[in-house]
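Beneath this line is the structure, given in structure tokens, with notes to follow.
Should a chain be cited, it is by its letter among A, B, C, D, E, F, G, H, I and J, assigned in written order, with residues numbered from 1 in that chain.
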Amino acid sequence: MIFLARMDVTFPAHLTEAQIADFQVREKEYSGQLQSSGKMAGIWRIVGEYANHSLFDVESNDELHQILSGFPMYPYMKIKVTPLAKHPNSIR
Amino acid sequence: MIFLARMDVTFPAHLTEAQIADFQVREKEYSGQLQSSGKMAGIWRIVGEYANHSLFDVESNDELHQILSGFPMYPYMKIKVTPLAKHPNSIR
Amino acid sequence: MIFLARMDVTFPAHLTEAQIADFQVREKEYSGQLQSSGKMAGIWRIVGEYANHSLFDVESNDELHQILSGFPMYPYMKIKVTPLAKHPNSIR
Amino acid sequence: MIFLARMDVTFPAHLTEAQIADFQVREKEYSGQLQSSGKMAGIWRIVGEYANHSLFDVESNDELHQILSGFPMYPYMKIKVTPLAKHPNSIR
Amino acid sequence: MIFLARMDVTFPAHLTEAQIADFQVREKEYSGQLQSSGKMAGIWRIVGEYANHSLFDVESNDELHQILSGFPMYPYMKIKVTPLAKHPNSIR
Amino acid sequence: MIFLARMDVTFPAHLTEAQIADFQVREKEYSGQLQSSGKMAGIWRIVGEYANHSLFDVESNDELHQILSGFPMYPYMKIKVTPLAKHPNSIR
Amino acid sequence: MIFLARMDVTFPAHLTEAQIADFQVREKEYSGQLQSSGKMAGIWRIVGEYANHSLFDVESNDELHQILSGFPMYPYMKIKVTPLAKHPNSIR
Amino acid sequence: MIFLARMDVTFPAHLTEAQIADFQVREKEYSGQLQSSGKMAGIWRIVGEYANHSLFDVESNDELHQILSGFPMYPYMKIKVTPLAKHPNSIR
Amino acid sequence: MIFLARMDVTFPAHLTEAQIADFQVREKEYSGQLQSSGKMAGIWRIVGEYANHSLFDVESNDELHQILSGFPMYPYMKIKVTPLAKHPNSIR
Amino acid sequence: MIFLARMDVTFPAHLTEAQIADFQVREKEYSGQLQSSGKMAGIWRIVGEYANHSLFDVESNDELHQILSGFPMYPYMKIKVTPLAKHPNSIR
């Protein structure tokens, strides 16, 4: 079951550069695992923004929320989720 | 080069059901060719809406506009395009 | 799996009162079946608007789109879907 | 009398994790009591957001405001309330 | 129980002036009865717009929807309803 | 001359509870005087929000701005004013 | 008492060029009289739009609504009114 | 003096393909003259939309409005104009 | 050449009352000079808001930006500028 | 390949004037290099705002994101990018 997410990241002013770097390391690891498992089907940077569009392939809304809220940067993200269905013109 | 598009379709009231059906047949064919060629990397229905999110993999903005404006239903579509870049956390 | 939908209905000017009445009869029947089957967990009128909020309990995004696009008035509806997950404070 | 609420929570930066945890404990207790009493007919997490949709069944606008403003996290919530009426197609 | 409503009127192009005048006569009568009964506590024209703000004093959401949907011009109105509660600073 | 106002209050994080309580006492007093004088024709809490809708009956725009900017909490309010005229259907 | 208005004009498709020209003649005459009388303190075209910003100097909200609703093109205008007060930095 | 414009074109349903083609021929001619004269410093298609962004280099707001309102398709365009000034980082 | 500006002022929390008072003194002086020179053709308070609408009569976009960015409170202002042209119905 | 960008700059309150001045020096240098290389085809100040519109001529979305994220002030910018294609009426 496919969902499109848009995630915008905003770090609060009190975080140090070291803290942000640490978040980014953990985020990359978490994101890599999701991609390896197939749960995250793709992630792209939105040009010019600290934001991404990503595709998730999950079993349920609950699983998707669990995944999203597990991102290390989750407290600093604004996420919008769009549920997608098979398109009649898709050849896959 | 990847772009995300959202396309919303609104048919004017004067179109007959036969005309709409004809549009849909041609749209499916056009869409299928784009997918076979790899130019369209995916298309999904937005749940509950006569709209889709789709991914395009093209050489240039000009090529993308040529592809989008070639959709049979183009005159009845409202399209928003978001340019995407490689995400540092992508494992692909 | 629960989704909240908001549906706004706008009939085009060319529909006759008889046609609208017919739509409403078929809509009521379709809606009743969805509720009896448990697929639609609730439907409420938004006060002052020709619109509703409704809750759906379905197996997948595809099933939800199939249900929504099956409403007799679907061509005249604008629908927005919000995916919901279990809330940690829910006692159910 | 049914109302749909959407509540978005934003904690200010100065709250400690312990303070937030305390809020969450008290919130859960308050929310549980409202559900046990039937005043809150349901609460769901909006996927990917620190927000919920909930249904309230109350006697009056005043009662609803009293309930909402009694949430421990109320000072940190943005709440939007939509009044709902019985839908003619509802079978309940 | 008090609600604030904003009603915007848009007549479709196919209505004749006589039809519109007839709507206005019936609207005035309906509105007058609501005011006499105390259900409508006030109505004001929004300066420069074919729109009003009005206050309703009703027993329930269902009664309010019944009243609003009974306006002769209801099919041509866009209505937004805001539920109001007693304000702690009100001296009434 | 009637105006509808919507006032949203947001206190900055640095205010203490005592300071806020003091603001609320002074606000209530100021608001009460305005109501006693007839300048403020009504004030209602918007359900679920730290906001109100209120009606003012004043001689001029200048008088209204003087009144609004005199609220003790004015620096923390976002106010939107809508000028109202007599409605042809009003029976008052 | 000063008000800023923004008026956007949209003619329906069924009006003939002759009808539109007639509206424009009457509009110009009405607008000229308002300016001569001092009720309209200024009118400017918004560059690139069939719209204007104008300033009105009137005795009351009722008078302003009467003036605005008297424009020949009023049925085809969307008007937004902003009440203005004397600015402390104005030297007039 | 530089202005950025965004122009969105929407043709009404009653125009024939021949009428639209005629508009496009005249538009191209008018646009070409503006570019040759240096008044229009550039025009680009917005990818996926029947819209453009264009740059104008004119002497005054009045001249710009005269130019914009002279476009053959002007009645079917929605135009938004942004005034631009020299940027301190510009090397031109 | 006329431009309409809307300026909204928001002071950051760290400014003292004395600092704000100093800004206001300098703002009043700067604004007075602009009005005396004829560059600022008018300024009005928006009722209920810490904001103004003002009219500027300048030679160019560059001059307008120079004037606006010279306001003492400029760093705390959000400004929106609308270019205006002569209206065919203006009698001036 | 041309893109239009709009960049809005907001400095956090904790930056000193010296820090801001340093950012501006580095920004000017970076921007100048981009213009000299032809990658940035133009940059203009939006009148009255701490913002610019700029045109970029790049090989790919990835190159554009690399350029944009390399601006010294990037962490304090909100950027919106619009992909542009050749316009059929362009004479260049």
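Quick notes
Everything that follows uses one rule, which is that contacts are C-beta pairs under 8 Å (C-beta built on N, C-alpha and C of every residue); 3 or more make two chains touch, one makes a residue touch a chain.
Keep in mind the model is a prediction, meaning the values are calculated, not measured.
Of all chains, H has its CA centroid at the greatest distance from the CA centroid of chain D. Between the interfaces C-E and C-D, more contacting C-beta pairs are found at C-D. Distance between chain A and chain I, defined via averaged C-alpha coordinates, is recorded as 43 Å.
Chain E and chain J have Cα centroids separated by 50 Å. A separation of 29 Å divides the Cα centre of chain A from that of chain C. Residue positions 2-3, 45, 47, 61, 64-65, 81, 83-86 of chain D each touch two or more of the other chains. Looking at which chains touch one another, you get A-B, A-C, A-D, A-J, B-C, B-H, B-J, C-D, C-E, D-E, D-F, E-F, E-G, F-G, F-I, G-H, G-I, H-I, H-J, I-J. Those residues of chain G that touch chain F in the complex are listed here as 1-3, 60-62, 64-66, 81, 83-86. On chain C, the positions that touch chain D within their shared complex are 2, 4, 27-28, 31-32, 35-36, 42-47, 52-53, 82-92.
Every residue of chain G that touches chain E in the complex is listed here, in rising order: 3, 5, 12, 14, 61, 64-65, 68-69, 78-81. On the side of chain E, the complex with chain G involves touching residues 13, 45, 47-49.
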